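Two complexes follow with chain A in common, the first pairing it with chain B and the second with chain C.
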Partner chain A sequence: MRKIFVDYTRCVACKGCEIACAVEHHPSRSLADLVGDGRTQVNVRVLAVEHEAFPVSCRHCDPAWCMAACPAGAISRDPVTGAVILDQARCKACGMCAMVCPFDAIAFKVTHASPGGRETAFKCDLCSHRVREGRLPACVEACHSGALAFREHEEVRRDRATRNLREYLLGERALPDTFALYRELRRKEFARRGEPAP
Partner chain B sequence: MKVVTVGAGVAAAEFVETLRNEGFRGEIVMISAEGFPPYSPCVMPFFLAGDPLETAYWKGADFYDRLGVTPRLGDPVVEVDDGKVRTASGAVETFDRLLYAPGSKDRYPEPSWLGVHGVFGFKTLSDLTAIDRHIRETGVRRAVIFGGGFIGVDAALALWHRGLQVTVVHRNNRLLSRMTDEEGGKFATRLLAERTGIEVRLETRVTAVNARDGALASVDLTDGTWIETPLLIVATGVTPESGPLTGADQGVAVDEALRFDPRVYAAGDVAVTPHAVDGRPGLYALFPNAVEQARVAARHLVRGEGAYPGSVDANVLRKHVDFPVVSAGRFEGEPLTWQDADRFRRVYLKDGRINGYMLVGDMAAAGYLHRLYLEQTPAEREVSGLLSDTAGTSYYRRAVGLAGR
Partner chain C sequence: MERKAPMRSADPAGVEMLEIAERDRLDSVWERLEKQQPQCGYGQLGTCCRICVMGPCRIDPVGDGPTRGVCGATADTIVARNLTRMAAVGASAHSDHGRKVALTLKEVAEGTVTDYRITDTEKLTAVAAKLGIAVEGRSFPDVARDVADAALHCFGKQDDAPIAFLEAYMPAKRFERLKKLEDDLLASTGARYGLLPRGIDRESVDILHRTHFGCDADPLSLVLQSVRCSLADGWGGSLIATELQDVLFGTPRVKTVRANLGVLEEDMVNLIVHGHEPILSEKVVEHALSDEMQQRARDKGAKGINVAGLCCTGNEVLMRQGVNVAGNELHSELVIMTGAVEAMVVDVQCIYPALADLAACYHTKLITTSEQTKIPGALHIQFEEHRADAVARRIVETAIDAFEARNRGRVYIPPHSEEAVVGFSVEEILKALGGTVAPLVKVIADGAIKGVVGVVGCNNVKVRQDSFHRELTAELIARDILVIGTGCWAIAAAKAGLMQLSTREQAGPGLKAVCEQLGIPPVIHMGSCVDCSRMLVLAGALADHLGVDVDALPLVGSAPEWTTEKAVAIGTYFVGTGVPVHLWPVPPVLGSPAVTKILTEDAKGVLGGYFFVEEDPKAAADRMEAIIAEKRAGLGL
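Here is the complex of A and B:
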């Protein structure tokens, strides 16, 4: 199955993925309607880890611990895309899934999909509706730095192995100079301020 | 081959579904003391809080039809012997393979109390539908819960959410005493009471129930006081329903394939299984364990192979109010604590590994902690950062190579 792969060294924390995800999962699909809407659902979040930025979302594990733990039958696997799907209509927000998610990729709030104005768990759905139409997940489409890629696992593994070998044998740089410069500046800025990066 | 399940709960339903997924086409009979499709005990309190009953049927209300099962409902099994089960009504069902999974039953301090109209257990959907009817028919506004463990607090929160005035009477010095240590439990008790307005009477027990015209009027407490209430829920503990199989109520000892004997598997709240981390055998009555046990047993039945990796004891109470209490493992070893006004977090370290933990008030980084615990990863350097992590970044600190710095 194809999944979203993260190369955090390329993330410039622009949060374009967050915005694209929020629009994609908003009932109106409109950027303007996100403003001031507390029920907006954002399934990816760009975490600040010191000077690093890490776009976090569900990894659609197989087997998925959350799916085995859900006592409400709210989590299932999409037969076409392989995504782990959380049905908020069935969710009781009991917290079992969040307790076992090794990547802390499940959060709670009242979203537009929550029944009866009650809090529910929510997470990435791999934009399965888009993927079925042959399109990319919204966050991946929005990512212009190459930090997010939607690819087959085996293909990514092979590429990384080849790249690492080239780097080792030929001294080729994996990261373009602009990214290396950006990362260096971020590291310095973080050290200068002595506080977590935004 | 004919397969029979004693019980139609979480373990039995998962077992049957796995059998069908594994290609088993033989006859399946499910026998239950109750009259419902398989339901999720974790979800059913939400029915009492106002959600539709159907949402408790986590595998669908059409379960028996969909999976080609013959249900024998409303007739508890009283004896299992030599390829036959006998029910209370005297019916006999033969089997080639049996899954014994009837769950556990309430342990009442005074069984005679249940004869009083207005006194209920909180263990089965039958209990909850009866409570719901009682509240609707008599306009109950006040409830007393005797027992402040997981089930008692679960009941209290559901009735509080429904708008009742709720008092929890608990013999221990804190609620959720099995899920917490003393300090964490007292913290959780205080904040839960503050957030909800549920009254908590600790180190107190109900000594008597007083009826007027056959209906509950008040309950007497050990401190000499009494509470006027038309509804008492008794949740003072449970006992595994192992009697019909073993003749005792200590649970059912099983091998690594969940077998009690060559023809009988046991799973769910009756099964005595080893702990996944420290190996100690026990009754680990939690939803994920029942599911995993049922899957292992069903695959073993079909394929003749497979072993159960052990049970977890990680649990979370997070119902109707954004105030979770998470706990796992043993509260033994070196305690490391982090707290602020709203949160209390403690990890017990043993040989540099997580031996147990407790998170009260929020769940940031709960999943990563769970993983470090289950995998017994050396975590000494990481733990203090993890405890004060309010943004859920701990796993990612490790992923980008900043952990423990």
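Here is the complex of A and C:
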């Protein structure tokens, strides 16, 4: 199956993926309407670890830990896209799915899909409705820097292997010089921030 | 548990207050930085364009995504436009400050503002002479009006000739170089590129125009205009601010003050002046020290009123009135957290909006005063020059009245403050040298002093507070390099105890001997950030004395903890004047290899000045020493 693959060295932390996801999952599909709307669902979060940024979302495991753990039967697999889908109407907010998720990709709050104004679990649905139409997940479409790719793993593996070999064998840089410098300076800036007092 | 505070500040008072902030879970600039992580890389790389609403457009720095914005702007164009806009904003902030001083001087001269007077007639005469304004047989108000008019003319004139202040103050060789550069560029390209500013306001407006949708897309043209606009700041707006403030309030003289949070007094009404302009704070200091107000404070149970400065308003009243300084930019929240501040009165620039909510957690009144800086949650007392005394009185009274509400249980004043010898205007430096720069040139030629580094500007919460300022300064003086500077650097150096006469013990043997001979510290406080113009004037005096251009001199600039757009303008006018400039953190330009190359390499050949980035204080000092050695070799030293 196709998955969302992350190349975090290319993530610029613009959070364009977060915005695109929020719009895609908002009932109005409007950027203006989600401003100030606390029930907006954002299924991908760009998290910072020191100088690095990583867009975290569901890995759509198979078999999925969360699906096996859910006593309410709220989690199922989309037969077409293979996505792990959480039905918020059935969710009892017991937290079992979040506890077993190895990627911490399940969050809780009152969303527009939560029944009765109570908190439920929510997670990435791989934009299955879009994927079925032959479109990319919204986050991947929004990503300008190539940090997110929605592809078959074999394609990704070949490309990466080729790129890494070009670097190793031919000395070609995978990242442009100034971008590599930017990453290095960012690393140094953070390293200095963490320095203890002399 | 890992202690955050020592990683956030190199200042012992800062560390103590940050521990209190952590204990009391107080929000601070450091907490907000953490919450902002990760910060957008497009913004940091300069490749986000929000200029029109076909966008926003972002150019993928990795090369996989679009390489042009909707209009076709490349990363080079977008980065250059954004950088040039930063210079325009910074130059405008400095210059608008200068405009108010010129307007005030004019009104004082014409008698329409009576709360101020011409304090320094010697300086007035000197400025007039420099500008070619007749002084013989004329009254001081007459001369002052002509000087003010000449300054205001620099802001608003419409012809293409260079502004009068720049022409009068810029060293001759530099002026000729820039003029020739304009001519050469026209001859070789057929296109007009301007470097000599025509009008202070005009150069900022020019940038707003040329960076509008569908105008200048040429990175070189954009960067050169940022140089012209910045020169209009350094040799125009900022210079006018410095010179005319000296006329109105007195040219700074050498004096001793104390620096850091320990200058707050537990039993007194503490009034903090924060921001950048001395016009109001001079009056606040005057009234706070009056017998009437001191008595009023005693009536409320305080032992009196203690005024302390913050940021560049602090530097202004420190240089002229000897007012102690509580701290630099990153101290602005910490000072309120002491619980001992009755009022913080602010004018313009570098004032966190967050101060209002923080002040509301205490009895502290945050008082805004400028039409241009209003903050929700603050008490606004409108300042106007023609009723300056009345406004200042009301501010001081507001502070006194707040004293009763102080919660003594929450008061903690960190017992840290250092003595600092300050007040080094160019006039004072020349006086120490015996009236001419010749002795300074001689000790540089002898090698006792290898060169001079001018350090400016800002704290940046991304850098451990004051750490770069302290380490770089200490490194340089140990290498016999004289360090001069302004702004938040100067406060950092003062807080670190680096501006004492005894600091010469940390200096190299050559610099130490010179300091002993002249009776000066090896680290020289030259004022607020508009007073970077004093450094330009000093550099100009050295260049003119030797009959060389500024880029021949062993001078380097540095903004090692910079934050603001004003710092972009300062760095750029240093570069445009021929001084290499160190920056840390890295400016938002790396998204464009072309712009990065113009700033760090091409500028050297064209202007003599150029930018370089270095994240380690010791390595930065190495680089500066190497540049100074290169310049010395060029001079045959």
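In the analysis below, the second predicted complex is superposed on the first by the 190 of 198 C-alpha atoms of A that agree within 3 Å, B and C clash if a C-alpha of one lies under 4 Å from a C-alpha of the other, contacts with A are read in each partner's own complex, and residues count from 1 in each chain.
Operating definition for what follows: a contact is a pair of C-beta atoms (placed from the backbone, for glycine too) under 8 Å apart; a residue touches a chain by one contact, two chains touch by 3 or more.
Everything numeric in this text was worked out from a predicted model, so none of it was measured.
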Taking the superposition as given, does A:K188 touch the first partner, chain B, the second, chain C, both, or neither?
-> second
Counting only touches as set out at the top, which of chain B and chain C does A:C14 meet: first, second, both, neither?
-> second
Determine, under the contact definition given at the top, whether A:L47 touches first (chain B), second (chain C), both, or neither.
-> both
Mind working out whether A:A98 is in touch with chain B, chain C, both or neither, as first, second, both or neither?
-> first
Quick one: classify A:D177 as touching chain B (first), chain C (second), both or neither.
-> second
A:E119 contacts which: chain B (first), chain C (second), both, neither?
-> first
Look at A:S145 in the shared chain and tell me whether it touches chain B only, chain C only, both, or neither; answer first, second, both or neither.
-> second
Set intersection of chain A contacts, chain C complex versus chain B complex = 47-48, 52
Mind listing the chain B positions that touch chain A in their complex?
-> 10, 40-43, 46, 51, 55, 58-60, 287-288, 291-292, 314-319, 322, 324, 326, 363-368, 370-371, 391-397, 399-400, 402
In the complex, chain C residues that touch chain A = 6-7, 10, 15, 37-45, 48, 58-66, 462-464, 467, 585-586, 590-593, 596, 613, 615-616
Chain B-touching residues of chain A, taken from the complex the two chains share | 8, 47-50, 52, 54, 56, 68-69, 71-73, 90, 92-96, 98-106, 108, 119
Where on chain A does chain C make contact in their complex?
-> 10-16, 46-48, 52-53, 143-146, 175-179, 181-182, 185-186, 188-189, 192-198
